[in-house]
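Every chain is named by a letter (A, B, C and D) in the order it is written, and numbering of its residues begins at 1.
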Amino acid sequence: MTAEVLYVIGDGAGVPDNDVPEGLSNKDLVALYRRLVLLRTFDERAVALQRQGRIGTYALYWGEEGTQAGPLYACDDRDWLFPSYRQNAIGVLRGVAPSTVLAWWRGYGGRHGFWNPREHRTAPICVPIATHLPHAVGLAWAAKIRREPVASIAWFGDGATSEGDWHEAMNFASVFKVATVFFCVNNQWAISTPFSKQTATETISEKAAAYAMPGVRVDGFDPLACYAATSQALERGRNGGGPTLIEAFCYRLGAHGTADDPKLYRDESEAQRWRTLEPVNRMASYLLRLGVLDDDDLQSIGAEAKKTIAQAVHEMEAIAQPGREILFDHVYASGRPWSFDEGLAELQGTDRPPAVKPLAPQPGPSTGDAEAPAGT
Amino acid sequence: MTAEVLYVIGDGAGVPDNDVPEGLSNKDLVALYRRLVLLRTFDERAVALQRQGRIGTYALYWGEEGTQAGPLYACDDRDWLFPSYRQNAIGVLRGVAPSTVLAWWRGYGGRHGFWNPREHRTAPICVPIATHLPHAVGLAWAAKIRREPVASIAWFGDGATSEGDWHEAMNFASVFKVATVFFCVNNQWAISTPFSKQTATETISEKAAAYAMPGVRVDGFDPLACYAATSQALERGRNGGGPTLIEAFCYRLGAHGTADDPKLYRDESEAQRWRTLEPVNRMASYLLRLGVLDDDDLQSIGAEAKKTIAQAVHEMEAIAQPGREILFDHVYASGRPWSFDEGLAELQGTDRPPAVKPLAPQPGPSTGDAEAPAGT
Amino acid sequence: MVEALNLGLRQVMAKDDRVVVLGQDIAQTGGVFRVTAGLLDEFGGDRVIDTPLAEAGIVGSAIGMSLYGMLPVAEIQFDAFVYPGFEQIVVHAARYAWRTRGECPASIVVRIPYGGGVRAPELHSDCPEALFTHVPGLKVVSPSTPGDARNMLVAAILDPDPVIFMEPKRIYRSIRGDVSDELPFPITSSDDIYNNAIAHARTARNGDDLAVFTYGATVPLCMDAAAALSADEGVEARVVDLRSLYPLDADAITAAASACGRALVVHEAPRMAGIGAEVSSLIHERVMADLEAPVGRVTGFDVPSPQFANEDDYLPSVDRIVAGARAVLSW
Amino acid sequence: MVEALNLGLRQVMAKDDRVVVLGQDIAQTGGVFRVTAGLLDEFGGDRVIDTPLAEAGIVGSAIGMSLYGMLPVAEIQFDAFVYPGFEQIVVHAARYAWRTRGECPASIVVRIPYGGGVRAPELHSDCPEALFTHVPGLKVVSPSTPGDARNMLVAAILDPDPVIFMEPKRIYRSIRGDVSDELPFPITSSDDIYNNAIAHARTARNGDDLAVFTYGATVPLCMDAAAALSADEGVEARVVDLRSLYPLDADAITAAASACGRALVVHEAPRMAGIGAEVSSLIHERVMADLEAPVGRVTGFDVPSPQFANEDDYLPSVDRIVAGARAVLSW
């Protein structure tokens, strides 16, 4: 870890702890830790579900919980979140049912797999890289036009910074001085592409200069550093200071997704080395050092999260595969094209294929057995 | 003009001249001046032709000749040029017939309005903003793969830096370290949009930092400063040093195009002030100061250019409006879709509409008289 | 038509402060075609916004604004410059309702002046409308009269779904006609606005010998062709202005085709997989038994829209429409 | 099919050093679907290139490379991720020949794994092929067998025009078949490669009762449907694999439709202004007199491709194809 990376939590040995960021009480620290554990539990369980064929390809975020729960803890309830697929469960911290997120990965649509963004101020999971960034800008811009102190925060990866949409969003945000936090999780990999082949700069944060925007680089494995940087950025944004680019420097500890095999392109011993820095245990040790929590607390927080997620899995699996009519639902908010009724009638005139098992497509002479794709 | 803008030619009064850039003999200075005058003459004539209804809407570059002839003078014959609509006549300095360029503006296609880029190492005029930049990168990259010392240079405006393609091209160029010169003509306007609303940075050149690329800012009204910066950039590029961003800071002295009326959005007295810095007279005064040319020389260079362009106008007007079959020519290089022959037959079964006059669309009850658009 | 569009914007902006307009050169100058002229003065810089030069940024931030409850109207300067914003339209605008249980449709309008005939340089004359109709989740409309232009634009803005609003720039100024201040629907609610003002085709001319389906800038040409057919050979063509390109008004289309027994589709865009192909298939599928001839098509050719000296060769002319009609009539 | 594509790339790269491949995750790992596996080792990092994550950059720099004389093959990771590269394809790849007197066509191939059926998340199942066919200046092809995949890919690379090469990812691995090393045309020249290996439709099954037109992943489904029709009711369907989507092999299409008197078009993409609409119109226009029923269409619906648990409801099934065939047969 290079020197310019801001951090709060030391390693309990040579690297000293810094002060708890302003405004965080012990209660906050515990609440934040609880969220980290919930996210972790969700993620681990989702990976297991995928292995068991109970959900489809899944984009795990193991190790990136601090880049999610940390910044989110800095947000007001009225601020809007714009996650990518990697922050797929962040809505859970805003009240989205975890079963809904799991159902999304199980391939369910409609009300089973999606939520109402306005209810949770959380945009849908964004799959096409960097395309949600202009939305985050537009949203904060609208709030600014209405003179409402609402900010937006958008998460994206190191790879996303190469897309044109990233650039256009950064430029719009800085020209119109909107309160958007651009939160880059630089986990140093975009599927198989290492950071060094993604861009020529040494950091992401220095790219902020091209937009006359403040850029900060924090330890992405440190939830409190992520919190603190975001908190400052939001305050600046709400006071008319415009957007901020935050680079949370870390490492993608797991595979890109459950269909990806990192051994094809990287030395897993490198991942092992970074693994010691992962945020959940790190935060736990810190709280133990501070005396804010003890081992029993850790245990019960872990157990509570497990229960929540177990319940979510149960709920998810209780959802029946949506009926065929779902294809035509909510495509338009007003007016149903005549072809939808024709399509439904056409479907109803034929036998319905057996229910889809996420990773076991119906074998047969002609529908396929293409391997599950590695991209998400 | 702010201090950090590099220049060579002073104002003959308080601002002293700097040294002639290395490698330029007096002969070179004269050759470069000749080119400036040729470009100027072309441009002025084209504007007049448009006024007379002999060509269509035209994107004038009055005052930007130095940003074209200067950098080009630094290029090898094997280097490739990627102009935007604003550098529409730059191919002329590479041997493209000026009548071909004029014919393009007259709305002629095929061999009348286009040239063979390989013959002149000059890409076609690019209309959609910033989209030619990835081409410049790909070309220099191909040369690099082939171990050939060929560079590319692409021109674009301040507005173009807002497009995603600009960013993607900059990033690719720096990642693959290709010999591309990104030459930004910052004339401070994108149609009616001032530079201050286009981006939040004070300069374009500082954006190079986001790509770990050298960025320089030169006086865009100074052909020699443009030359010198490009010359250094090309040398670096050819030696494996990768791309460079050059910002030629100037001012759009004329309208955006012949259909644009700048009075709608800017104070023309500002343009008047900048006008005194325009490159052709500035270069002439400089050469007079240096004693490289005298008034007679200036006169004869001017006359020579006029003759060339007059001849070009003559040639352009001698071109008959292309036949209807041209619609179907060269759409594909191999294989002619059957629908093309059907289309031609359909056309031949009807009377041909009268020849198109560039700015006098056929009036009639239903074809239109929409005003000529201001965009190019 | 320009004045009518301008009027519509002013009317809806005055009544509903969720409406904002944004795009390149639209505020200070009122747009390349002056459709937004005067709006900046009337509604201020918060609601009439000149943006940087970036179409994905424009469409994308409009989507974000709509998520916050605004009704943004984005202008694309010319047809072919919508392509850098294409991804935002396809992967987001078209799918936001679907992705949010119908709760948060991308309530945006993307205004696109389109088509040739204005003697403009390359890439200022594209007709990309069929591309948008092939993308599920969008509504795609194109008016051909000033009255329709105003009414349809207001309706598109109030309609909660994303509407690609194709403006036939060739007839921006040639087709004039008084547009009353009165709107045919209440401006305060979006209820049923789809049915009232977006969904239906318009019979522009009556006739029972041949149904001609068209939209946008080719409507007046089809009217001229119909007049010529009537004068020259006593054939009465019914001209149907489709208005909504997606969804198509299938019932109106098949009814007109059935009634006439012969039909022709006319548009400026390329033929291959265009609107004409869909209208033709639809008619054959539904009422082939009523037809006395296959449905004909007069369209742009499958070539890039040419440099403007040859654009009259490319654009469907009255002559070509008449010839196409004759071919259907004499089959 | 994956192995066949890989073989084709290796064969053409070995013979012609102008060929380079570039895209996301294609070198080091051999691509998400392993189509480019092993190429990096065989041809080195100059010719097998992992790029940054930017599709306009990928397509755009491929165009620039082709201007310098290379023959780049760009991979788009999944169908819906081609949209950020759409502008480069439409305004440049499609028009470079036209804009350079035919001297410098954009000699690129854009490989796009497309379509549903692999249980992938949102936006990994699009079928955008019709969009490309509507854009003049492109060739658009889609193979349905390993042999065709190899031959058509090699031909597409050697062909001087830009080719959008749509790979039906659903049958990447299900359809196997030995592909001989031998190519049916010389790999050293692009002469006539268009006619030899790109332009023509293929009769996948003979029959005279009904012509079924399709391409890509729905070809095997149509074969199954044809077998069912034959077994159940003695109807012999001719299955025509279009292979080239632009230009269409109009003569083969009309000949088959005429011979059978009844026809059906099948594809996975949405119906509105899709390939099916064009094939249907074409048949009616040219040989309506030979038809005993209107041409039918079995296609994806005009909705976003659904979350994967419902994708089998969306994708044309053998059942739906049979039902569509019966409707045409019993008309």
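FYI, a residue touches a chain if its C-beta (ideal position, glycine included) is under 8 Å from a C-beta of that chain, and two chains touch if they have at least 3 such contacts.
All values derive from a computational prediction rather than experimental measurement.
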From subunit C, the most remote chain by mean C-alpha position: A
Comparison of B-C and B-D (more C-beta pairs in contact): B-C
Distance from the mean Cα position of subunit C to that of subunit A, given in whole angstrom: 39
Between subunit D and subunit A, distance of the C-alpha-averaged centres to the nearest whole Å: 35
Subunit D, residues touching no fewer than two other chains: 52, 54, 56-57, 80, 83-84, 87, 91, 98-99, 122-123, 136-137, 246, 272, 301-304
For subunit A, residues that touch 2 or more chains besides their own: 109, 127-128, 162-165, 168, 171, 175, 197-199, 331, 337, 339
Subunit B residues touching subunit A - in the complex, by the definition given at the top: 162-168, 171, 174-175, 177, 197-202, 206-207, 209-213, 242
Contacting residues of subunit B [partner subunit C, same complex]: 56-57, 85, 104-109, 113, 125, 127-129, 159-160, 162-165, 190-193, 197-199, 264-265, 321-322, 324, 326-328, 331, 337, 339-340, 343, 346-347, 349-353, 355-356, 358-359, 361-362, 365-376
Subunit D residues within the subunit B interface of the complex: 20, 46-47, 51-52, 54, 56-57, 59-70, 72, 84, 87-88, 91-92, 96-105, 136-137, 139, 159-161, 190, 193-195, 198-199, 246-247, 250-251
Parts of subunit A lying in touch with subunit C, wherever the complex brings them together: 80, 109-111, 114-119, 123-124, 127-128, 131, 133-143, 145-146, 150, 152, 164-165, 168-169, 171-172, 175, 329-335, 337-339
Residues of subunit D touching subunit C in the complex: 80, 83-84, 86-87, 90-91, 94-95, 98-99, 122-123, 130-131, 133-137, 246, 248, 269-270, 272-278, 280-281, 284-285, 288, 293-297, 301-304
